[in-house]
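Two complexes come next, and they have one chain in common, chain A, joined by chain B in the first and chain C in the second.
Moving on, here comes the complex of A and B:
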């Protein structure tokens, strides 16, 4: 009798754990449509080809550089490890995480995130961190990123965080319970629509222009980590003008780059040289580039990378080229589909933040 | 550390593990260490207060016990004493004990009064003062669970004073009785005699005992996290805008709050008792299906039972039989007649009990008026008893199901209406809002979707309805059987453990906790 009870308890325990696991998979947001940014970080692990260039940063990298265009034009294998409002320490830990799998020749970091010195927003944290595989880097990332309302255990058991989604589950939640579709092109988020740049509000004067200690500290750690691993770190400021990038910040980043022997390029004044026309090359009134703009940016930046670093042209490598052929097909297919929707409806229906989840 | 926090669950897991892994003689000392750790985590300053209570109770009860022993020894050694001499000696000893008891009450009730009621008194004085002459409120810390552990400790001291309870000579054991962590948050108010039987004894791990405790804990969490913490959203909205939410909205708020409070308080007590049970420690039951009571008196015998019996034993009876009250009784019978005269002491004692009950719940007039409303209703019911008897003579409805259902609904509605003082926390406003139930006719809000604008969606109402059915179902089973768990335990083990698993999964999935919810504090934690 006692043995039977123990066996029953064990069976129920196993079934309960299995049930909780499935429920957890079910309620965790899938980020397959609409807000897809939450899918970006985890997609990296599915890419089997090596990357000589890795971008890390926020939307100013994953929306402004077409990785496919860099491949097409220069045979550069790149990946963007970016997510929405990705903070500097999140970028640092993503870099640490990346180094567990490969050692790129060049790491490109977009400096806009330096303006944040404290954890900002739980939703963005989750989108940036949830997709990471478990490692020391992820644990440290969580600890560095948590806002006051968050707790570590919610990252360990996402069911505790997302359980309230049970009443808003969509078809996508069931469909993608164990497998997800790719939403980016090696981390690049495609938008082909256009919304010309308008007037930006005048930048407000700040009480203190000094970039935060924590943010700069992590930038230093990033520089040191790259140095230790023989990686060239390139600092960039994407060409988009809003949110405003203050000259005072620029000076500090320049000084940092100089001190650490790094390249730093602010692309805002180079819009014309890149060939950007912000009445055509942005999809959200100048905040981010559209695909046309991102391809121009990729072409310009790819050439600079090629000229300055010893990068391999992998187009001649059959195996790698085969993998990238599939990426190009996926890229072109999505582009075609987006243009189709744009022509038919005048706007994107199944792409972009307003796309309704099935 | 909230019961609903992950930290507490980890804390509890550690306690359970060590409790059964370490040698049995370490069990109660371990609980003492963890109880103080629990208190320390809440706020290290609280330790001072609980230590003062423990030390004062320990020393004074030793003194009382010494007097008791010396007194008995003296009497048995001096058999030659005349009856009058013995009486005089006993009276002298009693007076001596009384002084020690007074000292203990002065210290402990004093701490309680100063920490909880100083600002209330200041506020009341200020209402008579002008601008600059107003007294500044004091920044006072109120130690967690002070009302509970003070009453529990004072009860023990009075029992020793009365000679009903053997003194505990081990200060650490007494410290554990005072500070046992599961009941620090919201009771129950245990009696030393009962609790000590299992608190200090050694317990071997028993699968049945442990799983019974775990099931009770899960049941408590289900009620608290799935139902109470979900309902609080709507209740907060409803009582937050007294201009918009009138009439039927007040009725809805009344019912919601009744269900919320029930699930919150009984849920918390289930967790507490379940923790004790899982370690073989028996804590007193605090509820016995209160919403099945047929009248308000019965309700108070079933709701917060340990508080009710505490007030009866340590306030009502002592006041009823104290010297001044006997004099008042004698005087009133002589001057006001038998009918009124015999009621005066009962009324005065009951008034004292309900006034204290009210103010014990909170340092505010709404709680005092709430307590006194209970007093008024109970007294009226008592006075109307002859009328009820005549009614039942004429109409043979007593014992019939429809009439009993009517009685139950009447009691629930009456108690829920009185409880609105707790909701609105403002006496005139509560009268006004409850009044709108009768002056404003807007029952359509129950069906026209207005209830979906209270912070709860349709899915929440489905969960609440399911929760209500489950709680009602379990209550009905309890009404027929002694224990739902025993009944389940008799069935195939897979069903028994399956029920536990369902509770766990339902709580984790449907619970109103985590980011976006911030209502996990227990309502009774503030008392």
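Moving on, here comes the complex of A and C:
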């Protein structure tokens, strides 16, 4: 009788945990349409081919560099570990996380995020952190990123945070409860539409242009971690001009790069040399490049990488080339679909922020 | 007998799941849409108030700016401001990264107001005074002497080599100087 009770209790406990797990999977946001940026961080783990170049950073990396074009033109295997408003410490911990799986030859970090010196917003934190696999890096990332209103336990059990979504569940929540579709191309977020760059508002004068201690501290940790692992760290400022990148910030990053023996390239003054035409190469009036612009940027940057670092042309490797053939097919297919919608409706319907989750 | 045992297990499991689910539902019920409501999205350049803070009322004692008889506070609903001031002379908007909201810039003559989205509304994030045709309620404008700022506002809450920052309520009021004269005036919503 006692044995039966113990078995019953164990079975009930296991079933309860299983049910709660399924419930949790159901209510967490899936980021499959509309706001797909929340899927980016976890997609990395599905990519089993090695990467010689890894980008880390905010939208200025995942929207401005076509990884597929870098492969096509130079045989560079790259991945963008980007996420929306990725803060410097989040980039650092994503780098630590990446090193658990591979050691790239080059890590590229976009410096715009240095303007943030403190946690900003839960929604962005979630999109940058939730997709990480559990590790010390994820725990440290949560601790460094939480706003005052957040609690650690909500990251451990997302059901606590998202339970109220039960009343707004969509078809996608059920469809993608255990599996998700890829939304990026090795981290690159595709947009083929065009909205010409207009005039930007003049930048707000600041009381203090000094980049924050915490932000610069994590940049130093990033440089040290790369050095320890024999990785070349490259600092870049993407060619887009808004949000404003102050000259005073640029000077500080240049000084940091010099002190640490790093390459730093600000691409804003190089728009013409890259071949960018901001009346055609941006989809959101100059904030980010569209695919045409991202391919130009990838070509320019890929050539620079090939000229300056000992990167392998993997197009000669049958196995790797086979994997990338599938990536190219997916890329071309999505491009074709986006152009189809653009031609038919005059705008994208299934992609971008306006796409409604089913 | 066996069927009865299985039924009992199912009932017990259902009770356990329901109890735990109800327990989680007792917690914070903040906006849960795709991880929270929208904010700046890293687009406008500066830090914006965390969306979870929500909009505060204009009556938090912070510095305010008065333009054409309309007093504007940080985190005030922009619709209220627009209703009083009318359509701006120029307008700029940019889509927030990963969100379906817009960061907006409204220019009224020599006054530039930026907003941040929160839910369906836009709230005042900053006000910049561009030239000496407008002044603060304490009579400071672009070109005023540094000493006039001290006389009007007292000792700053913080200062740098080139700026005084006065903090009150949900507002940081910043005066930027060059050659002991004011070259920039901004009201910015506090982020923490």
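Just so we're on the same page, the second predicted complex is superposed on the first by the 351 of 358 C-alpha atoms of A that agree within 3 Å, B and C clash if a C-alpha of one lies under 4 Å from a C-alpha of the other, contacts with A are read in each partner's own complex, and residues count from 1 in each chain.
FYI, contacts are C-beta pairs under 8 Å (C-beta built on N, C-alpha and C of every residue); 3 or more make two chains touch, one makes a residue touch a chain.
Here the structure is a predicted model, which means the values were calculated and not measured.
Using the contact criterion defined above for the overlaid structures, shared-chain residue A:8 touches chain B and also reaches chain C.
Touch criterion met: A:58 reaches chain C, while chain B stays clear of it.
In the superposition on chain A, contact of A:284 is made with chain C only, not with chain B.
Counting the residues of chain A touched by each of chain B and chain C gives the higher count for C.
Shared-chain residue A:122: touches chain B and chain C both.
Of the two partner chains placed around the shared chain by superposition, chain C is the only one that A:31 touches, whereas chain B remains out of contact.
Put simply, chain A uses residues 8, 11-13, 15-16, 19-20, 23, 122, 149, 159-161, 163-164 to touch chain B in one complex and chain C in the other. Here chain A touches chain C in the complex through residues 8, 11-13, 15-16, 19-20, 23, 29, 31, 34-35, 37-38, 58-59, 84-85, 112-113, 115-116, 118, 120-124, 126-127, 130, 147-149, 157, 159-165, 168, 198-208, 242-244, 284-285, 287, 353-354, going by the rule given at the top. Residues 5, 8-9, 12-13, 16-17, 20-21, 24-25, 27-30, 32-48, 50-53, 92, 94-95, 97-100, 105, 107, 112, 114, 126, 128, 158, 160, 162-165, 172, 174, 176, 183-184, 186, 188, 191-192 of chain C are the ones touching chain A in the complex. By the touch rule above, chain B contacts chain A in their complex via residues 6, 207, 211, 457, 459-460, 492-494, 496-498, 500-501, 504-505, 508-517. Residues 2, 4-6, 8-9, 11-13, 15-16, 19-20, 23, 27, 122, 149-151, 153-154, 159-161, 163-164, 166-167 of chain A are the ones touching chain B in the complex.
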